[in-house]
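Let me give you the structure first, and then I'll get to my questions.
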Amino acid sequence: MPPNLTASIPCEIKDLALADMGKRRMEWAFQTMPVLQSVRKHFITTQQFKNIRIAVCLHVTSETANLAVTLRDGGAQVVVCAADPLTVQDDAAACLVKDYGISVYAIRGAVRAAFCSHLTVSVEGRPHVVLDEGGELSARLHARPDAAEEAFGGTEGASISVQKLRAMAKEGALRYPVIAVNESVTSDLFDNRYGTGQSTLDGILRSTNLLLAGMNVVVAGYGRCGRGIALRAQGLGAKVIVTEVNPIRALEALMDGPRVMSMGEAARAGDVFITATGTKNAIAREHFEKFKNGAILCNAGRGNVEIDLETLGQMSSARRQPKEHVEEYALRDGRRIYVLGEGRPINLAVGEGHPAPAMDIALANQALSVEHLVKHGRALDRLVYSVPPEIDRQVAKMKLEAMSVNIDRMTLEQEYYAAGRSEAT
Amino acid sequence: MPPNLTASIPCEIKDLALADMGKRRMEWAFQTMPVLQSVRKHFITTQQFKNIRIAVCLHVTSETANLAVTLRDGGAQVVVCAADPLTVQDDAAACLVKDYGISVYAIRGAVRAAFCSHLTVSVEGRPHVVLDEGGELSARLHARPDAAEEAFGGTEGASISVQKLRAMAKEGALRYPVIAVNESVTSDLFDNRYGTGQSTLDGILRSTNLLLAGMNVVVAGYGRCGRGIALRAQGLGAKVIVTEVNPIRALEALMDGPRVMSMGEAARAGDVFITATGTKNAIAREHFEKFKNGAILCNAGRGNVEIDLETLGQMSSARRQPKEHVEEYALRDGRRIYVLGEGRPINLAVGEGHPAPAMDIALANQALSVEHLVKHGRALDRLVYSVPPEIDRQVAKMKLEAMSVNIDRMTLEQEYYAAGRSEAT
Amino acid sequence: MPPNLTASIPCEIKDLALADMGKRRMEWAFQTMPVLQSVRKHFITTQQFKNIRIAVCLHVTSETANLAVTLRDGGAQVVVCAADPLTVQDDAAACLVKDYGISVYAIRGAVRAAFCSHLTVSVEGRPHVVLDEGGELSARLHARPDAAEEAFGGTEGASISVQKLRAMAKEGALRYPVIAVNESVTSDLFDNRYGTGQSTLDGILRSTNLLLAGMNVVVAGYGRCGRGIALRAQGLGAKVIVTEVNPIRALEALMDGPRVMSMGEAARAGDVFITATGTKNAIAREHFEKFKNGAILCNAGRGNVEIDLETLGQMSSARRQPKEHVEEYALRDGRRIYVLGEGRPINLAVGEGHPAPAMDIALANQALSVEHLVKHGRALDRLVYSVPPEIDRQVAKMKLEAMSVNIDRMTLEQEYYAAGRSEAT
Amino acid sequence: MPPNLTASIPCEIKDLALADMGKRRMEWAFQTMPVLQSVRKHFITTQQFKNIRIAVCLHVTSETANLAVTLRDGGAQVVVCAADPLTVQDDAAACLVKDYGISVYAIRGAVRAAFCSHLTVSVEGRPHVVLDEGGELSARLHARPDAAEEAFGGTEGASISVQKLRAMAKEGALRYPVIAVNESVTSDLFDNRYGTGQSTLDGILRSTNLLLAGMNVVVAGYGRCGRGIALRAQGLGAKVIVTEVNPIRALEALMDGPRVMSMGEAARAGDVFITATGTKNAIAREHFEKFKNGAILCNAGRGNVEIDLETLGQMSSARRQPKEHVEEYALRDGRRIYVLGEGRPINLAVGEGHPAPAMDIALANQALSVEHLVKHGRALDRLVYSVPPEIDRQVAKMKLEAMSVNIDRMTLEQEYYAAGRSEAT
């Protein structure tokens, strides 16, 4: 791409000079994203996004940058803005502009006003399809009926925003059909069980350099994330204790290997605590009171609400940082409690977030959902949909192919049998 | 119980003298069934089955005999007959009569006529509630409107029969509401994942005395049974290979640890093959042709349809039995293939079936479903219902209590949070 | 083999008519003993045992019968007698006589006098090489200098007998070199870690039909057996607790996954107890006092000394057998404790002993040790030797080949490097 | 400590101002080193190092700095210098001087001349006891008989140096007894199996952000390191393939779970390769030729000799760094191969080296070995000794205590039994 072309790409980014580093990192990520690679090849062939304007409002990282390129390579006119200025990777943003001619409006740490103006530019591009994570872009688009006129489809990846969109749909306020891209079996497995499982433990090792073997690791919550975390903690040699409020999940945990107890009991036994409950104050004053000296706390679930840090602060006479990402709370009774990554999701706060191969599955679901919307969006009701099962299966198939794994196909006889028909008919 | 009383109990069983042995075996089983123990205590207290006639048509074993006693202890008049004459444990039948005064019509190996007459006696008892496994009793009850007049509830445990009942309900032909007791999260976990997982491997060890460590074990199908089997095979040191037709399940297997391949490829690599697909001929001619000399096959899924034994027989020049439960097929090309338990579910064919603690969960769900029907059956629509979630939770709670495991309860604050309400309100 | 030949084989066995069943069972076992198969092929080719008389005094089973045949096929004149009359499989004995023309003196349950006369016959055969398990034969041979005159080598498989032979060797009393066949890395792995690991759990399942998942299983002792048992118990879903007297082993257990505690603490927590300490009264009065009602005890270690059953009997008001291989002790305080297989090694008492593929490794070591003695025995000092490392490696190689596994060979460069030499030289 | 005192401590370090950071990091590490904490308490009480001069020549890190303080707190006069200028943590060095008044001669990245002069200063301190890692200090001490006059003991932690010292001892050239602190069961377990196992995988995740679940990970070598790595890779969901040259180890790997194949075969199957063979060119040209595009290589064993990077460079048309610690080799045939950490031990090259709790065990062995030398060194022969078993047991005991784990003690009866005596005597 000649430099003068670059100059003509409308954008607001940190520094175009970061493009080279961005390119290397995008390529590294892309190489570990075989499913998106397959999708890209398919899009390049079909060119079905010709004349389609797509606004991408996601965390701007080397992984999502590859999604933007994939859509562009299918013929789309893509505009990228940030779902959160704190997570923007400026080098990836620069590379999108310089090497792929994509308009990007995203600067790490941008102030609120700049962030909003970026969203506005995206909205004013009058997108046909909108990719959103957190609802900022779709909210603005719904506030500007003129700009939303041509929109015929959207995707949303944050479950809380999906809930809101469903409420809007009920009231007839949704302007275009939306696919909840988090509602996919494969995304769920890779995001939660495998992705969060590994990256949570990775975050703990990076921040503490502990030896997990032999330690008592308490996992609060045995949902999909908790399960993945328990599995990986056990895989690293830890003795896992699970706490739960749901007796069926608790029983499943117990039968799967971990010990199960109330948080009150676990508080005395645990060396490391990981919350994945999705609720507030899963670790609270009554537990702080029972912790061993040196207990280590972190969160792999929601925001930074799962550990009641405010109360912990009040119980402490001093705080300091013995190591990056580690905060020491010196309790008045002499015990010291350590909190990792300020109680924010540890895999994001300390590590590099989800491994690219986990993102691969989620972004491939997203890309194919866009294709689905382009094909069928205009005909769909203005509702919120889960990812269509055939896309989910397609993603699984592509991943298996990428791993050179063959599976069986049902014989006709078996299909009859499954359908409950006698063979005689 | 004085002998004269026994004499007055109407029954048709093999031999009352077996009662002592039956008692010992029932007690051993009951001791490993803590949830049913809890249910029994509860029933003894509430006596809510006073004047309720219950017909129990299940596999007559020491475990289900304990269910019959549990219902009787709640005040019910219980009549027991066999769901299958081949599975009757005559000693348990004798004990029910002699020690608990329960009418039993069940003899192991009874001919069809006797079996039917037993069902007829049960029907003619004009039961209020019917426990069925396989639909034989409910079919007869529906054929005798007079006898069914007072029936206000039933349970069914076989999924194929549940399907039929659903079809009947659709046509308005169902005479009373039925709870599909197999449709319970806890039953499903204990029957399929944990129960079948362990008992399948147990059956293989009993019949072969192999050393599983280091062997290539192929598990066909990665549904709940297949998962449990793969887990346990791995736990015994085997290298597990999974085959699947569903790409999402295949991918999950692959991420969970096993290798995944087509059965065509697995046929060359495997030492032991276990089918759990729920379909016909999962192992067929094209696979037999590729097996290593000495390959061992067994089934943990449906009936004896999963391995195409007819074709295997045709490919063989001779058959013999080198060991109990092991059949050797000498193929014309010189290879020998071994089939365990005639291709019937190996845990039933060779082992003792589900471990009592797994049955405990299923039977407790069943007992509490009866309670639910007695309380609410008359008010329910004549439809087929899954086990109510509160029963499922109750069973999980009782099991946790029996294992002395405490779990947490949500705080009010957490319930608000979960409900999405702000705390301020 | 014509019947008249059979008639001429000197022997004392139960019943020649059992030979057919013995043959089927020996063939089944042999098929899962690929290493002994390889050894046999090698012996058939080399015929190096021509004119060598070998007395085999082992547990007479379908596995050891295959060893006897293997030696015979190498040209040896083999006489078999029983190391223990209680473990004789009469059908295997019959098959050895009828189908292989081997003299066998072994009858299950033979009285002491018969047993001794069998040993005497073996001794009077003036063997060149003696295979012993427990030292009965070698003791008699040392008592009869005339019969021992031509003996130039022996093997012994029981560690306690090996100890005695070492003491004899020190005093110059050993009449021929002996190879301690239990002192082999591969035998040790397959006998103890893999063999005992699996067969112990198998024995527990067969006798109890418990569901191990979720249960607290206490393993006393973390030697090689204990490790194997802990591994397999964990593999079946149990929560494992290890007790130890050796802090280094205790620490290793702790880091490997199990919890570690004193038996005093474990007694309160455990559901199932398995001893593998090699010592007396690892479970004793102070522990019985703390057990939960329903606790299950068994032994996988030495004789029946590891659980103090005498004391348990004294603490009990009644005993009975609720199930085969299960003994219920009703304690005076109302609790019931269950002991499996009378406290004898559970894998032998309840199951079928070591899996044939584990025996394969041990017997192949034994066969190759005999070859070593035939080649070098006359030149060796009259001492006790471990299995020569090259035999151990050879057995491992043969097993790998049987499993179609290739491994690497060091390059010349790597050999130099390993030897610490610079490449320049 | 008053500032003027600091001024008077002879030292050569980077910057005293780093002491605060060093202190925080030393404290964090010390907190996860409970065994060294126990040793320190013991030393503080006994003060047995009064008037003893100790020269510590180790990698200067926050962990070893805690060892130096521990020795000082026992009364010793400690001088610290660096075993390797590349591994010096300048902040820990500063803290030792400023906060503990210990003389330190160590600067990260010091040139050879400076490094040597630091060693010389240490030698000239005429140490009584010498702690060495790599032999630099002891070599210099042996070259200066005057300075070595009062030395009565040493420790050495690098196995290659231990070998040299053994050779010297044979020739009578060793001037004082040396304890090979790497020859301890507990150090070996924590350094190799648990420490390297975890930190190797940690290094791979940090440098690549891969998702290990489902990947084929090839571990070359199944020694203690290889075992630990295989265990942890499996724990993170990888499918592990082991390569070996030793058939016994290969067989053990196979029985333990991994697949085993030759490196020639593994080269085609693997996604990630980890060498832990201890030898040269475990991955060489013939393997590079077979790798999949995108294969990732790293080393967890010796130096940077295990992967033949020179040849790989020659096969490549270009090299670049797509990510920190990742080097891409573009082969002439179009494939790209990635090498992590330049083929140096990945846990040191990318991660933070051994977790402090693993170092804890090694350094505690070292500290107690110093105590042993101070007590007995003058009476010992001038030979190389393994860590005395009672120290090994003591370290295990202290670690168990730190984890609040109780173990059993043999009863008198059991000790008799173990000794083979009858109880009657």
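Labels A, B, C and D are assigned to the chains in the order they are written; within every chain, residues are numbered from 1.
Please note the rule applied: contacts are C-beta pairs under 8 Å (C-beta built on N, C-alpha and C of every residue); 3 or more make two chains touch, one makes a residue touch a chain.
All of these numbers come straight from a predicted model, not from anything done at the bench.
Counting hops only between chains that touch, chain A reaches chain C in a minimum of 1.
With chains reduced to the mean position of their C-alpha atoms, the one farthest from chain B is D.
With each centre defined as the average position of its C-alpha atoms, the distance from chain B to chain D rounds to 55 Å. Averaging Cα coordinates per chain places chain A and chain B 40 Å apart. Our note on geometry: chain B versus chain C, Cα centroid distance of 38 Å, whole angstroms. Along chain A, residues 190, 194, 213-214, 234, 237, 254-255, 403 each make contact with two or more other chains.
Here chain B touches chain C in the complex through residues 24-25, 27-28, 31-32, 190, 194-195, 197-198, 202, 205-206, 208-214, 231-232, 234-237, 294, 320-323, 326, 336, 351-352, 355-358, 403, going by the rule given at the top.
In the complex of the two chains, the chain D residues touching chain C come out as 163, 185-186, 189-190, 193-194, 243-248, 250-252, 254-255, 260-265, 278-282, 284, 305, 392-393, 396-397, 399-400, 403, 405-411, 413-414, 417-418, 420. Those residues of chain B that touch chain D in the shared complex are 213-214, 234, 237, 239, 254-257, 259.
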